[in-house]
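Think of it as A, B and C in the order they're written, each chain with its own count starting at 1.
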Amino acid sequence: MSNVKQYTEVLDKLHFENMYDNDFFLTWEKTPEELQAVFAVADALRHLRENNISTRVFDSGLGISLFRDNSTRTRFSFASACNLLGLEVQDLEEGKSQIAHGETVRETANMISFMADVIGIRDDMYIGKGNTYMREVSRSVRTGHADGVLEQSPTLVNLQCDIDHPTQTMADALHLIHEFGGIENLRGKKIAMTWAYSPSYGKPLSVPQGVIALMTRLGMNVTLAHPEGYEVMDDVIEVAKKNAEEQGCTFTITNSMEEAFRDADVVYPKSWAPYVAMEKRTELYGNGDFYGIKELEKQLLAQNAEHKDWECTEDMMRLTKNGSALYLHCLPADITDVSCEAGEVAASVFDRYRDPLYKQASYKPYIIAAMIFLAKVKNPQKTLLAMEEAAAPRWKRD
Amino acid sequence: MSNVKQYTEVLDKLHFENMYDNDFFLTWEKTPEELQAVFAVADALRHLRENNISTRVFDSGLGISLFRDNSTRTRFSFASACNLLGLEVQDLEEGKSQIAHGETVRETANMISFMADVIGIRDDMYIGKGNTYMREVSRSVRTGHADGVLEQSPTLVNLQCDIDHPTQTMADALHLIHEFGGIENLRGKKIAMTWAYSPSYGKPLSVPQGVIALMTRLGMNVTLAHPEGYEVMDDVIEVAKKNAEEQGCTFTITNSMEEAFRDADVVYPKSWAPYVAMEKRTELYGNGDFYGIKELEKQLLAQNAEHKDWECTEDMMRLTKNGSALYLHCLPADITDVSCEAGEVAASVFDRYRDPLYKQASYKPYIIAAMIFLAKVKNPQKTLLAMEEAAAPRWKRD
Amino acid sequence: MSNVKQYTEVLDKLHFENMYDNDFFLTWEKTPEELQAVFAVADALRHLRENNISTRVFDSGLGISLFRDNSTRTRFSFASACNLLGLEVQDLEEGKSQIAHGETVRETANMISFMADVIGIRDDMYIGKGNTYMREVSRSVRTGHADGVLEQSPTLVNLQCDIDHPTQTMADALHLIHEFGGIENLRGKKIAMTWAYSPSYGKPLSVPQGVIALMTRLGMNVTLAHPEGYEVMDDVIEVAKKNAEEQGCTFTITNSMEEAFRDADVVYPKSWAPYVAMEKRTELYGNGDFYGIKELEKQLLAQNAEHKDWECTEDMMRLTKNGSALYLHCLPADITDVSCEAGEVAASVFDRYRDPLYKQASYKPYIIAAMIFLAKVKNPQKTLLAMEEAAAPRWKRD
């Protein structure tokens, strides 16, 4: 028995009109009510699907994806979200396409968007580039729509950039909301966003940055921990500080993993590259200095190796609230003795949390679908209730 | 408020019965009324989509695409057209598939077509090959259908071959029809299809060939201009001459860009490779003579470089009718000081025409959809009116 | 005029309840009635499609495909089957994805399956690996579903493994059923599954293995013929022997192609690699011994070359029942003087059977669709009859 009213009644109390016909770049550009609307719609869509009710908003239309890195999870999450709403995914692969041949962003953006309702981009490799590129694509297609080139205006969804990873952190947050029994229960809980050792190099900063910016927003006491030299972007630190002040929670930075873990309700130990190193790499890359990049890589791996003790072990877990903090990871994790000799997390810890980790990931398709839904549907409550009323089966299984 | 009758009434006056269950290879194999039917259906489909009315003809079915070159625009146009009509695109990538392992065309064509309603092919690299290959694929699947192998008979759409680029030129023509306020207004207008300098090598001939063959068909006065040595296929020249005679318009060939631009209503300056060079390359390629190909490439780049003055500059534009001819390009263009040091067009000219250029491109998905529609729907007027009547929303936005 | 009752009445007499929410790994794990149910549903789906009746079971949902080899036919067959039932195909390409970066099977399987209704895998290269991998994927997603990670439980379809190729052999069998006018008419017919010479190396064993195991099951007298040294898996030999005993038919192994062809009703001459060589290759590959692999390849090609006389010539065909046995091949075949100098089959033989060969292949999409249908639809008869009753057109052609 479906009852989608529980979600539409939440939506009734929220203001989120500005999300219609809008993009999703950074969580901190959205109001708290807008973020809550995403959570409510994600839950509603999942609820309808679990009750075998079709949630198609589109009879036809394309969802364009552009991945500048390899990606399984985000690729499938985006494809799932588009499919759930009735959009067919069309990948823009730079290898295959002429985008590599010097086309301007504006032109390509329009050329692929004649029937695009949404564009999802992952571009997280170079500092100052990814988010900038997404905004340029968005501006281009909005201009195209205004000029009568595009019949509809595609919505841009940030599938990970150099600054934020909103579809990941919103899925993380929705997982926490379900684990702690409501968004209000996150308030005052301690989350440790900590660096952890990995034998690989150059992992993006978007997850730790996105986490500290979003979780302070939800009133959590956030501790960011990393070895010296692994600082994240200053701008995002400022966002987290400001959020903490506004929300009456705390935001702490420390160089001690122990301090972060102590009494934490939630831990998120994960490797990343130092911001300054990523900036340097961007510069080297810009100059085509591939020798320099190789040197930088060696140096970073050596730097990482000095901090092998930053591992989420059983001993570390014992420091947390009742020794049983919820362990988060965006996956895949570097698991000691499983995927590498020494990594981010001990195998026994990872194994114990496998189930909740998979559930954490399972929210991402719904979060993406909710972001698209709120950008494409003028009256989400009416539409969700109409879907429930119509009760068109997603799958004729009987 | 939709009123699709304006388009079906045009169709009522045209004969295009032979398009049903047929292919689209070359514009000059179609009657003028058949070409007009494509324009009318393309406009009708766009009109319906702009009024948020679903134009799905298919509940399921595949649109197969085979691109022998990199392609962004045509790939997305084909995907958009298929999606608009309800077909899912499935790419036949030669890298991925066993087609490279010596299979015969006939066999592969059938093996991929068990549920294919349309096959779109781009194969423009080698003289005498692309169009021939398409016809072989078409023959193969028609035989397969006749023999009971294929339940349905897939339609072949030429997405660019060595001879013609009908989805491009038909989109170009529909753009002109809209810019000049009706197909009848093209009659007697002067269009300059001219070569232009590009620092790149081996651009296909299908666009200039397709343009001179189609625009003479529509009664335009066509001037083809290029440096000596950049001749196009003789066969297509003959087609253009014959068309001009039949339509009472002119077809002129000149080695002067100025002469072509003078008093032109429309200019289409674009680089291409000499036909004889492309023939030679095909031969070298056939012999596996990669050294020869490299030598030819050098030679062609040197030959191009002698004609850097063939650029669509502001001075050139001033020669055109009232200094304000409509500038066309199939995109991407080589823009001087933007995408290259010296190219086909001055940045200021290109910038001024960016909007109409994007609009020109925007017709391609609808042209492809119209070609498929006319091959797949027995009574287009009835079907279009029924779509309007049903008014199933493409996108439940409210 | 459609009458799907002819198929549902067959289904009424069969027990196949265990196929619901189940996988398809090996034909010999299914009961004879379950195999018959697949044939009946495949025919029913084809019948409905030929009568232009939509057979969509899904309004949205994904079909995930994972191909560890190049593949045109199976790729398109799977895509066609999914599309026929309303699922969108999403390829998991290991090159593109992070699966290559050391993720565990369990994790990836869940991460791609949040909205997957079916997963099709082809993994036939390494002995002891392919089938094992598929079962691991299936176990992973079933656990994921049980643990609340996945809302639905994806069905796994074996698109070819190291042991069996059930979608191929079931399509082969359905072809025979139609050629011989009923499944009961296969009983007592002689089929020769014989090795044939190919200039290529390392062809999988799954087809001969699958054929001897399935055709004995259907009561055919099966002769497996190959040169000494080209033995197939012992386990499957045992399956075929046991089937023959149970069905009262014969299963014979010989080193004489002539003996196999003599009086055969059906011949299936096809190259494969020796099982022991494939085992060795798997070991070499496991050790990363690429030099060893190269050596093995040379050795196998030399071994093959000793048996160039194993060719399906006109003389060989004259040995068969009335000189006109039905010739089968899974395609593509190595055709002497066409695709190679000396191959599996003479060009004149192949040409004469081109039509039936293409028809043989045409059953595969329907077999795959039927496997999915029986795993996803609780009451197939009711659903098929309801589809006929609704008569929603697949294609609005009129």
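Basically, contacts are C-beta pairs under 8 Å (C-beta built on N, C-alpha and C of every residue); 3 or more make two chains touch, one makes a residue touch a chain.
Please read all numbers here as calculations on a predicted model, not as lab measurements.
Enquirer: Give the rotation angle, in degrees and rounded to the nearest 5, that superposes the C-alpha atoms of chain A onto those of its identical copy chain C.
Expert: Copies differ by a rotation of 120 degrees.
Enquirer: Do chain B and chain C face each other with the same patch, meaning over half of the contact numbers show up on both, or with different patches?
Expert: Mostly different residues.
Enquirer: What is the distance in Å between the mean C-alpha positions of chain B and chain C?
Expert: Inter-chain centre distance comes to 40 Å.
Enquirer: Multi-chain contacts only, two chains or more: what residues does chain A have there?
Expert: 88
Enquirer: What residues of chain A sit close enough to touch chain C in their complex?
Expert: Touch residues, chain A against chain C: 46, 49-50, 54-56, 70-73, 75-77, 79-80, 83-84, 86, 88-89, 331-332, 338-340, 355, 358-359, 361-362, 364-365, 392-398.
Enquirer: Could you please specify the touching residues of chain C with respect to chain A in the complex?
Expert: Checking each residue of chain C against chain A gives 57-62, 88, 90, 92, 96-99, 101-104, 107-108, 110-112, 114-115, 117, 144, 147-152, 376-379, 382-383.
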